[in-house]
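Labels run A, B, C and D following the written order; every chain starts at residue 1.
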Amino acid sequence: MSADVLVTETVNKTFGAITAAQDVTVAVPQGAVWSLIGANGAGKTTFVNMVTGYVKPDSGRILFEGSDITMLSPRQITRLGIRRSFQIPQLCAELSVLENMLVSLSINDTEPPSFWQKARSASDVERAMGILEQFKIADTYDRLMGELSAGVRKLLDIAMAISGAPRVMLLDEPTSGVAAEEKFPIMDLVMEVLSAADVTILFVEHDMDIVTRYSQRVLAFYDGQIVANDAPDEVLADEVVQRYVTGTAK
Amino acid sequence: MSKNPWRRFAGKAGSGLIAAAAMLGIAGIGASKAEDTFKIGVVTFLSGGAAESFGVPAWNGGKLLIDMLNKGGVLPAPYDKKGFGGMMIDAIPVDEAGGATKQVQEFRNLVQREKVDTVLGYVSSGDCLAIPPVADELKAFTILYDCGTPRVFEEGSYEYVFRTAAHAAMDNISLAKYMKSRGIKVETFAGINQDYAWGQDSWADFVASMSNLSPDAKAGTALFPKIFAGQYGTEISALIRERADVVHSSLWGGDLQAFVLQAGPRGLFERSQVAFAAGDHVIPQLGNKMPDGTIIGARGMNGLAAKAHATELTNILWEAYEKEYGTFPVQAPFRMWQGILGLKSAVEKAMEANGGKKPSDEELAAAMKGLEWEAPSGKIQMVLGDGHQAIQPNAIGTTKWDTATNKMTLIDIEYYAAECVNPPNGIKAVDWIKAGFPGAKCD
Amino acid sequence: MELLAYILVDGLIYGAWLFIVSVGLTLVFGVLNILNLAHGSLYAIGAYAAASAVGAYFALGGDAFPLGSYVAMIGGAAIVALVLGPLLERGLLRHFYDRDHVIIVLVTYGVFLILEDVMKLIWGVTPLFVSEPYSLLGNVELGPLYYVAYDFLVIAVAILVGLVVWFTLNRTRRGKVVLAVIHDREMSQTMGVNVDRVFMVSFVAGVFLAALGGALTAPMISVSPGIGVNVIIIAFAVVIIGGLGSIEGAAIGAVFVGIARAASVHLLPEAELFIIYLVMAGVLVFRPEGLFQKTQARKI
Amino acid sequence: MSFARSVPVACVLALAVLVAIGLMLPEWAMFLTTMAFAKGMVALGIVCLMRAGLVSFGQGLYFCIGAYVSGLMANWTGITDIFLLSALGIVAAAIVAAVFGPLLATYRGIFFAMLTLSLSMILYGFLSKLSVLGGTDGLNVMAPTFLGYAPEGRALGLALYVFTCTIVVVAGGLIRVFFDSEHGLIALAIRDNELRVEYLGASVRNEIAISYVMAAILGSLGGVIAGLAIGHVDPEFSYWTTSGEFVFVAILSGYVSIGAVFISSVVLEVVRSFSNLYFPNTWQLSLGIFLLVVILLLPNGLGSLLSRLKRKKRSS
């Protein structure tokens, strides 16, 4: 068990009448690449929000590398190494792509942000451009958010999350809102960069082709419960999943 | 990639230069000091709560007198000479609104930029405490024509600053003397005064005078609403509940009007004998709304009290004011007149000494020190504060609505000589009162 | 006992005045999300308009039916609302709705500066005072307590205004529409609500309430330049205590501050001015959203 | 030329230019500029907060703290050395800001504006009531001395002017460095999307508190200089209309260029200085209209004009 990097123990959460999480118990091993599937409101996003500290569960515990992070704030959890990207990219509209990257770098430098050290110093810019090149969006460095395509915005959002050398990366629908032909290239790119850094990945996804292609295991959510936790083929073949989750039952 | 440092430096220097150009541009606008005109900066309330009862009537009276002086030969000797010693008088009005800090800045502008020969002004006690140190710093001859707090020359001494109006102590002493001489029952008295130098000093002087003249009178509630509060419902309830024999107040301007309008209908004036240390200036506006039998001071022999003892000078100015503005002059124009006539006397005295040239600030200060001159409100003598603070006779009366002429009149007016109600030089007013008015010369 | 009665009655009278003066401010904030720094000037213009209206009324032979002067007073306030309301909202504020709310606060600061001088240009600096309405209704004696009936008229108007505003907002169809706009402007727009009209009507109502506050005060004071500057702060204190945007909060806040001030004048005169700020500070530290404001959750 | 040297060089040159101008200015213009720069410091503090997306309507609080603390110190203890008084003003403001900063840092938009305004009015009410501090009349402040040198008349005006220019240039340089620093960039990010900044691991509340303390220190320094230049302080320093004028200058200048803040402050001070004499009843009207025009036509203030010119140069 000690190899597990992220563990949730019988986590429950209700918003008034809606049960968002019911006895959710999961143990994610180090370096795993799992996907989370389920209809809207099944509890996927609540799970991500609880792990990243934005929502506090009613009961149960969340452990990261053995220590309890249930009641920590998003900032504390981020600093521990659990990072997330957003379904709707959360970027700074008035800043350029490069500046957005520099913000992330300034915060995640080894030493805390300084009062005099120039944010746009040559070394910082070089590192930022390096990451942008890695994500192949370096050519858009001086453009503002309004001038970018959905794909580039997604990649920037993920790039900013990655810049802090995360241990666990939660991707909230990394390919939603992106043109079909761009989906696979983006996922390849993201997986390539993350696997190079041996990062545990949990990503929320609706597109089953992406689920089967990139995830080692799949967590299927329905009505706040995990109804299946297995390899992609087994889960998709599972009769309960077909009726309640993918709606593909005959 | 980073912006070329030289270009950013250019931007910074560029903005510095624009700021510099702006400043140089302003510098050119200042005025120059002309020889044949005597320029006065007149600072009084042209807006805000005190404008209509003090500021504007004073400026109207001042304008009128200056026009008459510039024509020459309109006023009786010794004021028949044209302007100030032949020089035309040019007056610039400045609004006193905005608080003491703003007034200090305006004072600097008048002295340094507009290059006025004298600044004559200031109704609010706050301004009268703030301006003198700056006047001495800039060595600018300044006349305080209206404010009443005794602190100016009792807690400080200034070389270039003079006050041509007596301070507030005399009004409260006269009120206490008036009540004693008219035999008004005063076992308990309460007070409502604005919460700043003027109100606090007036109440302190009145309490001290009463404890001296009517020792058995007991001081009750003392209310200190904020200046320009305008709403006195709760305070009036407190005074009615107190049922004091006498209610003393040094309220003035819009605040006094609001207080009378709100207290009248609630019968405060019937239940207690109300005494206003400086109440005469609201008589024209309130008319019959000012209840009868209210004891009124006018901070000197001003307004109706002066008309009853009018000299030729008083009548000329009174009729000219009534003709021009349709209402009779109250204390504010009277104090402006005594300030301007005092300035005229000082200028002409200094010109005699220096052979007819326009006197410098130092010459004006020397001439003004210890000066005496006649004014519509009686003889003004610069006695206190080593010749920097004036004393003047005082008068207290009681209101009576004259149904025949449909005008408010003052009856039972008692006059007090200047030395009777003002302390001699060198002793603080409160100490003089506590010591039982030693050396008071009352006829 | 008499002291307590005085404090209570004085507190209610001052509280009523406070409520009328501040309910307009909280209404405009609630509906349009605008913090109107020019609220004090609208109060002052209402006072001036009422003073002129009552003066004109008596000049045109109103002595025959003096009670008509109250109608003239309210009429003065209404004219101010109908003229200034649309002019400010449609003419000026509308252009800033998409901008940051703080910019609108600064715009209302500009309007405050303009209106202060406009009053001086229209009515000059000589004050108007029309005290007939104040003493018209005679006196009221509650045992040893001695008051003017006008003060109780102000209480009655305050209660009436409170009920009317509360009733319109919560119990009429148009009120429901306004509440919908308060909670979600975009959603209401998509459901066909003419948000522009709701904004204008609400702003005009806010201006009318401010002007009404001034009109009711006009007979008690000498209406002169500068009476508006201080009112905005007192209205502010009441609205902060009650919670911005809440009508009930403004009512409770007004009575709370009214009685606190009355108690301090009767018992501890020195602290009089300071009480209002002290109460405001207390609420800010312990219950920043005000006593009655529900904390809104944030949508991410 | 590396970055480290270009800002100090620019500062020294700017100071030299300003002092040279000062020598040529008549006394009243020097006094006006000293006041304009003192008030510009407060406006610069508001600009610091604006970069983090917050507008304080109560910076009069620190302007008043600086003025009263230095004024009282001079009157009660006789210490009139301007460097000591400034240091005292900084310490006082830093303490008050450290107390209120974290509380205020959790509020945004209108609530932040309202709370800051309320705080300044609480100080106003408190000071108006304290007759020992002069109540509503305020109190006179002794003339400052400069490390023992006690000038009089024009020399005093010049010494104060040079001191103010030094403070302005040093503060301007430091703030320029801060704006370009990592904290400066994070502040801009907070203005756009504070949720993301929190998720990147920075404490939004601490970052805002830093800007708030910095704004307080700048405001207090402005108050110290203004109090000593005028020679009188009163509770009006903390009145809401005073704070409103500081915000006016900050909005007028925008949050891009520091020079623009001081230029706008000089512009406002000139308009005010001549207005009271030449158009007493309409000067507030002209200020109000001027403010609305600026908000309508120059969304980011004069500063954006300067940067727009630069951007045109760069892209043309």
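In the analysis below, contacts are C-beta pairs under 8 Å (C-beta built on N, C-alpha and C of every residue); 3 or more make two chains touch, one makes a residue touch a chain.
Only a predicted model underlies this, so the values are computations on that prediction, with no experimental measurement involved.
Trainee: From the Cα centroids, identify the chain that ends up most central relative to all protein Cα atoms.
Mentor: It is chain D that sits nearest the middle.
Trainee: Based on the averaged CA atom positions, which chain is farthest from subunit C?
Mentor: Chain A.
Trainee: Where the CA atoms of subunit C average out and where those of subunit D average out, how many Å apart are those spots?
Mentor: So the centroids are 33 Å from each other.
Trainee: Distance from the CA centroid of subunit B to that of subunit D, rounded to the nearest Å?
Mentor: Taking the mean C-alpha position of each chain, the two centres sit 36 Å apart.
Trainee: Mind checking the centre-to-centre distance between subunit A and subunit C? Centres are C-alpha means, answer in whole Å.
Mentor: Spacing between the chain centres: roughly 51 Å.
Trainee: What residues in subunit B touch two or more of the other chains?
Mentor: Expected reply: 2, 46-47, 195, 226.
Trainee: Which positions in subunit C are in touch with at least two other chains?
Mentor: Touching at least two other chains: 120, 270, 273, 300.
Trainee: Touching two or more other chains, which residues of subunit D qualify?
Mentor: Each of 3, 128-129, 195, 281 in subunit D touches at least two other chains.
Trainee: Mind pulling up the subunit D residues that touch subunit C in the complex?
Mentor: Residue positions touching the partner: 55, 57, 103, 107, 109-111, 113-115, 117-119, 121-122, 124-126, 128-129, 195, 240-241, 244, 247-248, 251, 281-285, 287-289, 291-292, 295-296, 299.
Trainee: Of all residues in subunit B, which touch subunit C in the complex?
Mentor: Subunit B reaches subunit C through residues 46-49, 51-52, 56, 97, 195, 221-226, 228-231, 233-235, 237-238, 240-241, 254, 257-258, 261-262, 264-267, 285, 289.
Trainee: In their complex, what parts of subunit B are in touch with subunit D?
Mentor: Against subunit D, the touching part of subunit B is residues 2, 5-9, 11-20, 22-24, 26-27, 29-30, 46-47, 92-95, 98-102, 104-106, 108-109, 112-114, 125-126, 129-130, 133-134, 137-139, 195-197, 200, 226-227.
Trainee: For a test of understanding, state which residues of subunit D touch subunit A in their complex under the given definition.
Mentor: 3, 177-178, 180-186, 188-189, 191-193, 195-203
Trainee: Note which residues of subunit C are touching subunit B in the complex, please.
Mentor: Residues of subunit C touching subunit B: 2-3, 6, 9-10, 13-14, 17, 120, 125-127, 129, 131, 134-135, 139, 145-148, 150-151, 217, 219-222, 224-227, 230, 261-262, 265-266, 269-270, 272-273.
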